[in-house]
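Structures are listed in the sections that come next.
There are two complexes below, and they share chain A, which is joined by chain B in the first and by chain C in the second.
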Partner chain A sequence: MRAYLLRKAVGMVVTVLLVSAISFFVLQVVPGDPAQVILGTEASPEALEDLRRQLGLDRPLGPRYWAWLKGLLRGDLGESLRYQRPVLELLGERLPVTLVLTFAAVVLAMTAALPVALLAARHAGTPVDLLVVLVSQLGLALPPFWIGLLLIILFSLKLGWLPPGGYALPGDGTVLSYLVLPALALSIPLAAHLVWILRQSILEVIEREFIRTARAKGLPENLVYYRHALRNALIPAMTVLGIHMGALLGGSIIIEQIFSLPGLGRLILFAVYNRDWPLLQGGVVFMAAAVVLVNFVTDLVYGLLDPRISVSDT
Partner chain B sequence: MGRLVRILIVSLAVALLLSGVGWGQGRLVVGVPADVDGLDPHRTVAAATFQVVCNIYDTLVEVTPDGRLVPGLAASWEISPDGLQYTFTLHQGIKVHTGRDLQAADVAASFQRILNPATNHPRAADYRVIEAIETPDAATVIFHLREKNPAFLSNLAMGWAAIVPPEAVAEAKFRPIGTGPFTFLDWVPDSHLVLRRFPDYFRPGEPLLDEVVFRVIPEPSVGIISLKTGAVDVLSWLAPQDVASVKADPRLKVVESPMNGIYLLALNNARPPLDDRRVRQAINLAIDKQAIVDGVHWGQGQVIGSHMPPVSPFYAELTDIYPYDPDKARQLLAEAGCEEGFELTITLPQPYDFHIRNGEIIAQQLERVGIRVRLEVMEWGNWLDRVYFGRDYQAATIGHTGRLDPDPFLNRYTSDSRENYMNYQNPDYDELVKVGAATLDMEERVRIYRRLQEMLAEDAVAVYLMSPNLAVGMRANVSGWQIYPIDILNLRRVYKEE
Partner chain C sequence: MRARNYPLLIGGTIVLLVALGALLGGYLLSHHPAQGDLAARLEGPSPAHPLGTDHFGRDILSRIWQGSRIALSVGGGSVALGLVGGLAIGSIAGLGKGWVGELLMRLMDALLAFPGVLLAMALAAALGPRESTVIIALGLANIPIFARLARAAVLVVEKEQFVLAARVLGAGPLHIWWRHILPNGLPSLLAQASLSFATAIIVEAGLSFLGLGTQPPLASWGRMLSEARDYMGISPWMALFPGLALAITVLGFNLLGEGIRRALNPRRQ
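Up next is the complex of A and B:
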């Protein structure tokens, strides 16, 4: 177990370093000059040259990457060119919004998907099943920005229950009310995907021999489904969840844009438009780390769900 | 089961509602499409920043909605007969947000900061004409200029000439300290910015609001919903397609004004076949500009004929030179040896939707005279690199906004300008720009700048499409909103009727 964890940890570090190196060098090839963005179109060539020197953009790539890497080991991701503040601080400020949003979306999706998938699987082939399949297909097909807009139109414009986006202002009461709609918008495609996968795998598991054994032993049908079938069917669902989580932690740019939320996604978009290389680089590495970490946790959860998948040294 | 989930969601929503969702009372919430990129007026080119910081800082001179220069921090000024010395007398009782009196030395220090290369002021070049600044007493500032500069006074009214007191310098990007009607309270990037009334503002009785919140709403359709639900009191920019629906809503109103800016189709005059004036003229004749104003901008704009918006007193009416006439366009193309038409690539800047759509309509219109158009959408930073500075393009859609002086609009077409991305070469034009920039007499200047516009139109340097309108949407109870020829959201005299 310890050797496995060690091997995994090394693999994770190597992956993140590789991503950082690739993104660093690829970003340098992207056209566009941060000094130009900062000084605008009227700047003289001399002023641009000066600013590039101040920003350290005139130094060769190798040493720049090396300096960045040394900083990374100290937990220092450098300073944003545009905000002139430490990148780590900026990421840290945006993280809570993204974290809360991600977890709320996952919890909502799981809460909705589990019972619905079970219902469909138990009534496979009936109109109920058909309806579930159709609705989940729809949920998968609808683009998130459209779902987001529909939710805003319904809950803010028509019903007036929730604010149409943004983040709580001082004295505005609860922050939560601002997160309900975006979390819902994020969770719908995820829930649809989960229902789809769960229903399918429950139907597969239910045909297996151990289920037949359980039934033959006279186990009540509910227990068969909840204890045996569902637990096994959760494994592919975990994979789907892992993939979505990784992406969500990097910030859902579209949802943040629609709901005017100050999350990681918009910070990274800002970095792209402003050619803020240190901020973008920091954001990319952070996202890579989040994906790798979530995948690792998913692996561990597999083991919990199914003792046959052991995280052993073999 | 689905119903259960729905009930859960609904009851959650109701619980949140009961727990007190505040919609904000006693303050004005302004929805803006983009966030500030910092709060230091000397270190940015972002329009979003100037829109906001004009409420925190003051300028020596101010501009009225109809473009007149009026006293700001300076109660009065005097210009020497040779045009080389400007003497400003400061208002009495101007307080800095820290509570102390503003001195003439602070004004001098602010301009020294602008001119200091270490500041990296993007428009420092506009003020290089200052040779020396003198402060004989606490209320008098004298600028000595190196040469006559008719744009000097209006340059002092621009947001980037704001007077930044020395104590603000250290943290100007995050904690601005000015003399303006509002003091800075809080900024959460990409979310909101809060300003509070400055009780010691030097103009008695102003500002009228206690608190102002700028809320960043990047998605226009959500902006409209926010306005309709009252989540914001004002939406600083209405998309043209939304103007009619806001006007139709009795709870809302629209304040609108022509903008001090233009949209155009830039042509690379050095690139064949566009180096032939007849080809450029043909392109001008083949484009129905009104169709663009109507089709892309829902009629919210005015057709133009040269590089100047109609709001400018220097504007020359030249829309008749190239009426929509595809037959004549085909004929000119034939004369230029392009009977078979030619391939034209138009480079469109992302994420500016309206420039992209301008290009799409132009493409269809040009196809009708046999010009085969390829549209190329390019991300803004890349576009600047390739088109604006690289001059590696055939045609491109873009907009230009102006200063109060006509020179910055028109000097880009001089042969050696770094911003002459259309590669226009005309020694007569170069000469006349120089004359214009050194002429103080207003009537003479108007004549010169109108002649320059005629030259651009005659040579069909570009296709000058239109000058857009700016429309601001607001709740019916908001009063006192005004639109200025420079890009500021001045909230000094805005108030809410309860």
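Up next is the complex of A and C:
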């Protein structure tokens, strides 16, 4: 078990390092000159040269990446060109909003998907099942940002129930009202995917022998589904959650922009628009690390959900 | 008795219709997608403009048609790139074992950890926002997915008796790859290709929505939706129709992918 964890953890670190290297070298192709970005177009060539030296831009790529990497180990991701503040500090400030948003989306998706998938599986082949399958396929086809726009049109502009965007100050009791629509928009494709997978895997599990045994010994049908079928069907659902994490974070970038939420996604988008490459580099590695970490955790959760998957012998 | 493969039928029909529309739409539409009539701004659906007009008085139907060409070319380009690249890398990683394969798959894992949108945003910052950047970014994001499938196919097929037999008869690795592994692996790659196509269309729309994809005056569905944002209160259909076109097309490719998958495992209906 310990050896397995260690190997997984090492793999995780290697992956994040590779991500950082790839993004570092990709971002170095940026045609815009960071020194020019800071000083503006009016700057003298000498001042530009000075700043380039100060930022280390006159050195070759390899040493620059090495220096960045050493900084990373100290928890120093450099300084944002536009904000003139440490990248890590900026990321830390924006992280809670994105975290709450994605967490809310996952919770919403799970709460909606579980009962719906159970319903469909228990009535497999009936019109109820067909309806669920159709709706979930439709949900998969709807881009979250379009759902976001439609939600704003309906709930903010027509009904006036919820704010169309923005965010409350901390301590203000209205934070939730700003998160409802974005979390809903973000959760719909995930919920659809989960319903699809859960329904399929419940249907597969329900034909297995231990289910027949459970039924034969007179276990009520509800218990058969909740205790046996659902628990086994949750494993593929966890995989979907892990796979979806990247899409969820990617989706949050657009959703935060639509709803003007001050999260990580908008920060990274700001970095893209303003060629703030230290901020962009830091943000990219930060998000990729989050995806890798979530996948690591889902791997561990398999073991909890299914004792037969002993993590030591994989 | 085998149930009909409805996903394949419905998905295939939608994809065929969208492709035909994108090909032939130019001959049927009377309005130019970029030419506006300022006297007819933000109009609702009418016989002259079946889906209404936008804030410049441009015909929304014509713009959706232009958007369909962009969606299909970005989807097709990125899937082709991902398929060819992934097939090559996955096959090499599967056939050549040892550290080469290990290193390649590790690289693929790293690429997979990148959210596709993020990769595309980084590339848009580096190479400039345009259609080709989106194709490259999404193609790169697709490579690890296809590489994994290709490698899995190699590892499974390699152990089959007929491959052993071919090897005993003196067949080289290239021959075995071309005659045995490729035909057996291709179907699952094709199912994935259809799903990746759908994803590419959604991501392209998202990037164009953010201004990092297709640039004006070209009409991408994402750009149309982003322009519609400012007029949501007065003309909601501007946000409705491009989104519908997007959803229907994505639905078509998703169903097609699912249909191909079902056709491959007739047991799992």
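The rule is short, and it goes like this: the second predicted complex is superposed on the first by the 281 of 314 C-alpha atoms of A that agree within 3 Å, B and C clash if a C-alpha of one lies under 4 Å from a C-alpha of the other, contacts with A are read in each partner's own complex, and residues count from 1 in each chain.
Assume a residue touches a chain if its C-beta (ideal position, glycine included) is under 8 Å from a C-beta of that chain, and two chains touch if they have at least 3 such contacts.
Since the model is a prediction, treat every value here as computed from it, not as a measurement.
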| item | value |
| --- | --- |
| First (chain B), second (chain C), both or neither touched by A:Ile211 | neither |
| Chain B versus chain C as contact partner of A:Thr111, first or second or both or neither | first |
| Partner chain(s) touched by A:Pro45 [first = chain B, second = chain C, both, neither] | first |
| Partner chain in contact with A:Gln257 - chain B first, chain C second, else both or neither | both |
| More chain A residues in contact [chain B versus chain C] | B |
| First, second, both or neither for A:Leu149, with chain B first and chain C second | both |
| Touched partner set for A:Leu99, first chain B, second chain C, both or neither | neither |
| Touched partner set for A:Leu219, first chain B, second chain C, both or neither | neither |
| First, second, both or neither for A:Ala247, with chain B first and chain C second | second |
| Which of chain B and chain C A:Ile22 touches, first, second, both or neither | second |
| Residues of chain A at both interfaces, chain B in one complex, chain C in the other | 30-31, 149, 152-153, 157, 257-258, 275 |
| Chain C residues touching chain A - in the complex, by the definition given at the top | 106-107, 109-118, 121-128, 198, 202-203, 205-206, 209-210, 212, 222, 225, 228-229, 232-233, 236, 239-240, 243, 246-248, 250-251, 254-255, 268 |
| Contact footprint of chain B on chain A as seen in their complex | 30-33, 36-45, 47, 50-51, 54, 82-84, 90, 93-94, 111-112, 115-116, 119, 135, 149, 152-153, 155-157, 160-167, 169-174, 176-177, 180, 184, 257-262, 266-267, 270, 273-275 |
| List of chain B residues in touch with chain A within their complex | 1-2, 4-5, 9, 12-14, 16-17, 19-24, 29, 37-38, 45, 117, 120, 122-125, 173, 186, 188-192, 194, 213, 215-219, 221-222, 225-226, 228-229, 231, 379-382, 384-386, 388-389, 418-419 |
| Chain A - residues contacting chain C, complex | 11, 14-16, 18-19, 22-23, 26-27, 29-31, 137-138, 140-143, 145-146, 149-150, 152-153, 157, 204, 246-247, 249-251, 253-254, 257-258, 268-269, 271-272, 275, 277, 280, 284, 287-288, 291-292, 295 |
